[in-house]
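Pasting a structure below so you can have a look.
All chains are identified by letter, namely A, B, C and D, in their written order; residue positions are counted from 1 within each chain.
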């Protein structure tokens, strides 16, 4: 990443999804174990394995443990997720709020929803137990809300102490990577603040798509653009359109 | 079985262990699932499969499910034993008492035992959850006691209501097969009473080896002697000496 | 011991109006043939229990078989909706639909408890989420050693479980396609069970106990080659995506769905 | 990620005086080589956790390594006793021995809870037996749905777990010999773990996840061909019976055991 001097004025020859996927892949390290929802999160993990993290172990929601075979849903959730031994959980959602809580259940009231979403899947326990959570989402005003309509997966709840009070072992959201930039929890408040923008994206554009008063880091960075090698590798992985919904 | 007219005066050309094994095998039916401790109980199950119960499924303490492979100890105990789906549990013990409680833990006081025995193994939960329990033991006064020194596996506890009060699903001991005869719980009291003697065994001999006032069934039977076919089949299975200890 | 019976007879015998019916299966092996028999037999008032509700669930709800869903994920193609389920939830068509929703971890723990003869399961789950306030089958339990509070979920013991598997032998022992999902737990938790299989063979071949369901733990086995189609064909992902897209078209429209339903019901 | 290290270094690094050490393995694959390193390194004050305590446990107790046993079965050849354990229990030789005993079901539930990050496990167990009054790690818990009382056991999270397996790949992923026993749970429950393996290969070959321990969940892998001898040779049962009988002779007599111990400790 490079320090921001002035807002870049054009995005490069890559799509917003490609930028998100590359940025998410860069957060993963070799030797880690990660669990990634289907679609874009899974693709970010696969990309990391091809680029800089050949020994990243990817566990998926169907129980696949890397290339080592498959375990049943009970074992997946008890021995692998709940035990807290997974380093990174990659999640997505239809809504995220200032405290990084995710909603994949309903928009509107539970009993009379405006939109019924798919539901929880493994997200509540991934969010609770993985050492850290990386969220990938499209950055839109309807999705980045002050308070999610339904807490499907806990971020920091209503503030900094909630996770500890609930006895959670996982550290919660460490980074939210969107198609506009990167948000990270403020160490003092756990509120998500903007710490980087992608090339060609301005802070005001991010604020306009964020439903709370977005704090901006003093050290705001501009994400390094995807390298030709990153893009070529990613494009060799991609078939079909990515799916975003956290699962 | 034939009704007892007079005590037979000689045992046949078989050993006491063979008589027990044959009598235990006869209680098992094709289509049942049984779990049998190693040694004589397991041999009884194997004999039944060769004789009259080809579709008897034998589950063993190491997690073997018949010829269908092996499951881990957690699955064995949770899905197979605890669930209550096993028809017959074949157990043994160093002591048994009037209510069919079994001891494989200590003779004497727990803290300062006269004899330290191997311990519980899977017996407590087999005794609790199998639809019925068949006990095989050598009939000796030191083993057939009014009250076991330590309850390792519950029979009927201290009386007829104990199992129900503890919420147990399994029916408890249905039959105790010894080298002298067969004991079954009295339907009214759950106390073990003598319901059959093996050929050549007299009631007084059984009473002399029993540490409580043994009731004798009005319809006392004499076990049919092992047939030549039963004996030949058993002998083709046997290698080494049988082990009795409940596991 | 499982009996080996024709599929229609098995469904007619085992699935009754008002039953709680678990239908499980990894994406590659979904028991569509059995579910379509349920539709043909016009079973009604079912509670459908399924961790990941997908096209099969949409079909059973649209056909009016299910009045209640117990699930932990209900999603259509891509980000798409399951239109028949949305229609039932939003407009009560063809009948109102109740839901009871969980997380995957909670559903898995409920099946495990059911298969294990326990009344409840314990997990680190649901904490801080809004799920428990809408789900009576989530409570808390305190660790008798540490005092810590954990989530408790009530055991699932469906009236009947339906799964699809690769093969069975002639005694009714079933080889599951692997340890994925909760097929084994669903069968062991249920009072009755039906396993449809691709083939019935003399010998199951090499297997570990972890992926075998012994005959004595199953009620009925039905030979249903292709019984998981359109799931489970070679190249599962492409095939599944295609069929999902095709289903989206059918499901979007009540009339078009009605024609699909007529096709299913016409012998 | 597991590191692949020489056996002696692994044991020296991972097993420390006073540790709670789980040593598991089905009868065919008992990690004798690692246990003998523990003896050579004169580790002491260990709590040995092992469901079925057999010759290996007798050796560790006789050598003065263990001051406490947590187990659910402790039996020698046939109906025979484990003389070193009997001697420690009865006469405090070479040191007093404490015991904490369970049923197999309880021990399995304790390992599962430990591997699952839960503080306790629930089972239908121990009911009506005298075991709970001598075992602080058994209590009761009430079902928050039915009110029923069930047994609760505290989780086992050993300091270190030692198991033996067929093979590992060069990244330290381990193929277990099958789903028998509690090897997988012991490793996942422990803070540190050592897997000794017969061979280290380029490719583990076909496996299901149920029998694989991924490298990231293991601390160290040591190449120890024959490391389960005398268990685990071809024709395990005969071989085991023979070695059990031979051990009975050694174990019966303190002096003879002393010579055996000297042999083990002499490089």
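Everything that follows uses one rule, which is that contacts are C-beta pairs under 8 Å (C-beta built on N, C-alpha and C of every residue); 3 or more make two chains touch, one makes a residue touch a chain.
The structure displayed is predicted, hence computed values, not measured ones.
The minimal number of chain-to-chain contact steps leading from subunit C to subunit D is 1. Each chain gets one centre point, the mean of its Cα atoms, and the points for subunit A and subunit C are 30 Å apart. Chain centres here are Cα averages; for subunit A and subunit B they lie 59 Å apart.
In terms of their C-alpha centroids, the spacing between subunit A and subunit D amounts to 41 Å. Residue positions of subunit C with contacts to 2 or more other chains are 112, 117-118, 123-124, 148, 178-179, 184-185, 208-211. For subunit B, the set of residues touching two or more other chains reads 63, 69-72, 75, 78, 82, 129, 169.
Checking each pair of chains for touch leaves A-C, A-D, B-C, B-D, C-D. Residues of subunit B touching subunit C in their complex: 31-33, 55, 57, 63-66, 68-72, 75, 78-79, 82-85, 129, 169.
Residue ranges of subunit D in contact with subunit B, taken from their complex: 26-27, 51-52, 71-75, 78-79, 81, 85-86, 89-90, 101-105, 107-109, 111-112, 123-131, 134, 148-149, 178-182, 184-185, 241.
Taken together, the subunit C residues at the contact with subunit B in this complex read 1, 112, 115-118, 171, 173, 184-185, 188, 204, 207-212, 214-217.
Looking at the complex, you find that subunit D touches subunit C at residues 117-124, 137, 139-141, 143-146, 148, 150, 152, 154, 178-179, 208-211. Interface residues of subunit A facing subunit C in the complex, by the touch rule stated above, are 61-63, 69-78, 81-82, 105, 110, 116, 118-125, 128-129, 150-154, 157, 162-163, 166-169, 240-241, 243-245, 247.
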